[in-house]
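So that you can tell them apart, the chains are marked A, B, C and D in the order they are listed, and the count of residues begins at 1 in each.
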Amino acid sequence: MSTHIQTVGIKNIQLPIRVREKGGGLQNTVGTVSLQVSMPGERRGSCVTVFTAALNKYMDAISITNFSKLLKEVQETLNAESAKLSMDFPYFIEKKAPVTGTRGLMEYRCTFTDGTGTDEDFVLSVQVPVTTLCPCSKEISEAGAHNQRAEVTLNVKFRKFIWVEDLIELIEQSASCELYSLLKRPDEKYVTEQAYNNPMFVEDVVRKVAVTALHHPDIKWFSAGVESFESIHKHSAYAYVDSNELVHNHRAGDKHKK
Amino acid sequence: MSTHIQTVGIKNIQLPIRVREKGGGLQNTVGTVSLQVSMPGERRGSCVTVFTAALNKYMDAISITNFSKLLKEVQETLNAESAKLSMDFPYFIEKKAPVTGTRGLMEYRCTFTDGTGTDEDFVLSVQVPVTTLCPCSKEISEAGAHNQRAEVTLNVKFRKFIWVEDLIELIEQSASCELYSLLKRPDEKYVTEQAYNNPMFVEDVVRKVAVTALHHPDIKWFSAGVESFESIHKHSAYAYVDSNELVHNHRAGDKHKK
Amino acid sequence: MSTHIQTVGIKNIQLPIRVREKGGGLQNTVGTVSLQVSMPGERRGSCVTVFTAALNKYMDAISITNFSKLLKEVQETLNAESAKLSMDFPYFIEKKAPVTGTRGLMEYRCTFTDGTGTDEDFVLSVQVPVTTLCPCSKEISEAGAHNQRAEVTLNVKFRKFIWVEDLIELIEQSASCELYSLLKRPDEKYVTEQAYNNPMFVEDVVRKVAVTALHHPDIKWFSAGVESFESIHKHSAYAYVDSNELVHNHRAGDKHKK
Amino acid sequence: MSTHIQTVGIKNIQLPIRVREKGGGLQNTVGTVSLQVSMPGERRGSCVTVFTAALNKYMDAISITNFSKLLKEVQETLNAESAKLSMDFPYFIEKKAPVTGTRGLMEYRCTFTDGTGTDEDFVLSVQVPVTTLCPCSKEISEAGAHNQRAEVTLNVKFRKFIWVEDLIELIEQSASCELYSLLKRPDEKYVTEQAYNNPMFVEDVVRKVAVTALHHPDIKWFSAGVESFESIHKHSAYAYVDSNELVHNHRAGDKHKK
């Protein structure tokens, strides 16, 4: 077995980074980075040195565009057959409360993943907390309905660049209600009624995310998962969809119709 | 600085244990154990050997009673000035759904902590998931009210032995509603309405737990915390009470009255 | 978009289980279970009820064989197009110290994963802690060499059934040294010298695991990862291999030769 | 039971912060904040609004000094009897490798905790990864010695302000060797030999930290814990010391002498 069949690298390097925002600014945050490379006669020592030097060069203004540049530079300097880089970080967006407009920062988790060599696709992942309100509970109960925090994870490959901010908005509009960091009384009334008027199971949320993503001209592939931390159970409800399965099923469905 | 001022020991040993149940049976589960001792001229090597031998002897039928015996045996064999032992484990109780009576296992977390030497008090901790439904949200909204899973942690020192099962019941009766692992439609209707008719902030839950614990003849000291994973926010709401503060404030209140 | 394209299910149910051991016994431990199904007009409520009933039936004596039976029973009862089940649990094996033969329990993590419908393959995963000692550090230093705990994860698809115990042994023989829960002085001397005489990078460990797995007649596919919690760095070193890549590279290598 | 006996607040708010560095600069990082207050007729809603407004005002240049100001401002605005604030964050320091001087960022964890009302003391906590090399293993083995990453946690109350940077240095000089993010070959030779020539158990590290902290004129109280992720075991070795116990034991020792 030759030495370049496996990949080797480093995991869990934390460092301060600056990420380009849709609004034009640069956001300071903290990234956790991992790198894997496949090299003939690989030398992990030099890999770390080359990687750190490249990181230092790029970390002051990281964007989806130069994340891939960073990876290519590392790969070429190391003469690696393939390389894979991932970085996850908390990302903050100022949101206005729905009625009073009170401003507050919401925290989301983002991950950039990219591979060169065998796989050149950039994947953008966002994790967005939302509210789900149970349709069954609403229907059968005289008043109220159980609801809870849920977490939507959307992974996307692009045809054309999409901002993190836009994917988060796509998700927040696909749940019973979105979350805020600061709500005054009129806002709390609004989100309570919004969720109550908009009951959704996890499978409804994942379907709404999927339908929007399917029709988005700039999305080539996606997968989405929704985990709901049920307020009446100790376990989670979970739903998942992968756009490759959708296409596969669509074709299978066409065959059945014939 | 002499060698016996600090404590030394081992952390995070996992092992299968059997815990005595209120109903008379023995429950198989998995414990995570830590031990700290303070010894003149301590020898950590012998500490591990002695501890492991004692653990093997007791782990087949652990109860609140013989947990303290285990600790004393370790302390005496090691000739330690003081010793501290803690063990946490998932604990399972079969619950019946409130209407249909359908049976399902609920998982709780328990911790036994004991110290001999400078501190001889046994502390029993239980973590119990419950539902909280927001009184403010209910009051101001036309329909519905935000609710969510919350976690109550109750730490107790005894006058007289109390079963884990009884502490869990005390907590489950102090929230908007309790949780179940398996609910059919009539049960889901019941828990939804039960929570809606019983709105409580985290501070209400912690107060109800505290009032019951204060009047329990067998509880010498307690502290309680409630963390609510808010369905409309990304952060948690949290309330906390320590019975020593209650007594302190009670006395302070008496003084003010005079 | 039809309703049966996505999967829906439950995550993170904890329950006591009994797992069949190579030696013939049944080991009591605690499992964490998740289930996903894809159904025409799926009803998550019935899914949970059916699943819980089936779990109760099987959890007293779980083995690789009846884990697949459990999944098939759930799938058929629900009339699901596909279903996926995973369960992870701590697994304990009594090991003898290498010189004195002192007995102690070691804890490993195992995961069973199985899918029916689109993917019928059972995957067995084991996580095994080992020691790695750095060859470079040994070579360049006058005395000593940095070493540390590392974690090997091996995922396997079978041609023929393999015991968890045998996969763990395969891994423990592929590192600088294996770990023990209880070592006396002659044992500690042994493991120190064993690691020093057997220096390996993470890439060496993953390669040794891979070579053994490739030649194992009962293994159809595997992937292996080694993460080393470096004692001289805050980050981890990591190496990974997938047997599909090995075959792919082997073929690619053949082409290049022509 | 009156309403102001318990505390109520919020947990786990993440937000970008800027922390004042010893060198004069401001470091961008991400903080996780919790606040608890005790109020007559508490209103959690207003608590969150007041707290968020105050946070927004201070988070651009947080230091040990204005962290206490932030807490006091929140307490006074809320008319709270007592208040407790904690914030933890990753903190980055550029270190030079010991031989080649190669620069790299090291990540540490810091926590600021402060209480006003019943407890006015500011506590600074730092978590520092280090190397421990086992003296017993070195002594009994023909070559080599097992070593591993360990984590030192030091909690300090001041007489006079101390920089985070200085506490970290105090800890790094108390272990077998300190950690670096980037080491070239001459550096790796150096740290390997440095650890081998400086063998320490966890109890030796905690004692060295304690002796230095005891003699530091600006430290009023401290506690220190060292957890070593043993390379030959799956569990951790752990040692702990509290300066109050030291003083207590010192006095007890004096009595015995008389």
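Definition applied: a contact is a pair of C-beta atoms (placed from the backbone, for glycine too) under 8 Å apart; a residue touches a chain by one contact, two chains touch by 3 or more.
Since the structure is predicted, the reported quantities are computational estimates derived from the model, not experimental observations.
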Touch-network distance, subunit A to subunit C, counted in steps: 1
Same or different residue numbers at the subunit A/subunit B copy interface, by half rule: same
Farthest-lying chain, centroid of Cα atoms versus that of subunit A: B
Centre-of-Cα separation between subunit C and subunit B, whole angstrom: 32
Cα-centroid distance, subunit C relative to subunit D, in whole angstrom: 36
Where subunit B and subunit D are represented by their mean Cα positions, the distance between them in whole Å: 27
Shared-contact residues (touching 2 or more other chains) in subunit C: 13-14, 45, 107, 136, 181, 185, 234-235
In the complex, subunit C residues that touch subunit B: 13-16, 18, 27-30, 45, 48-49, 52, 90, 92, 102, 104-105, 107, 181-182, 184-185
For the subunit A and subunit C complex, residues of the former touching the latter: 1-14, 34, 36, 42, 44-45, 136, 201-203, 206-207, 210-211, 214, 227, 234-241, 245-246, 249, 253
Touch list for subunit A against partner subunit B, complex: 106-107, 129, 131, 133-134, 136-138, 140-149, 177, 179-181, 183, 185, 188-189, 191-193, 195-196, 229-235
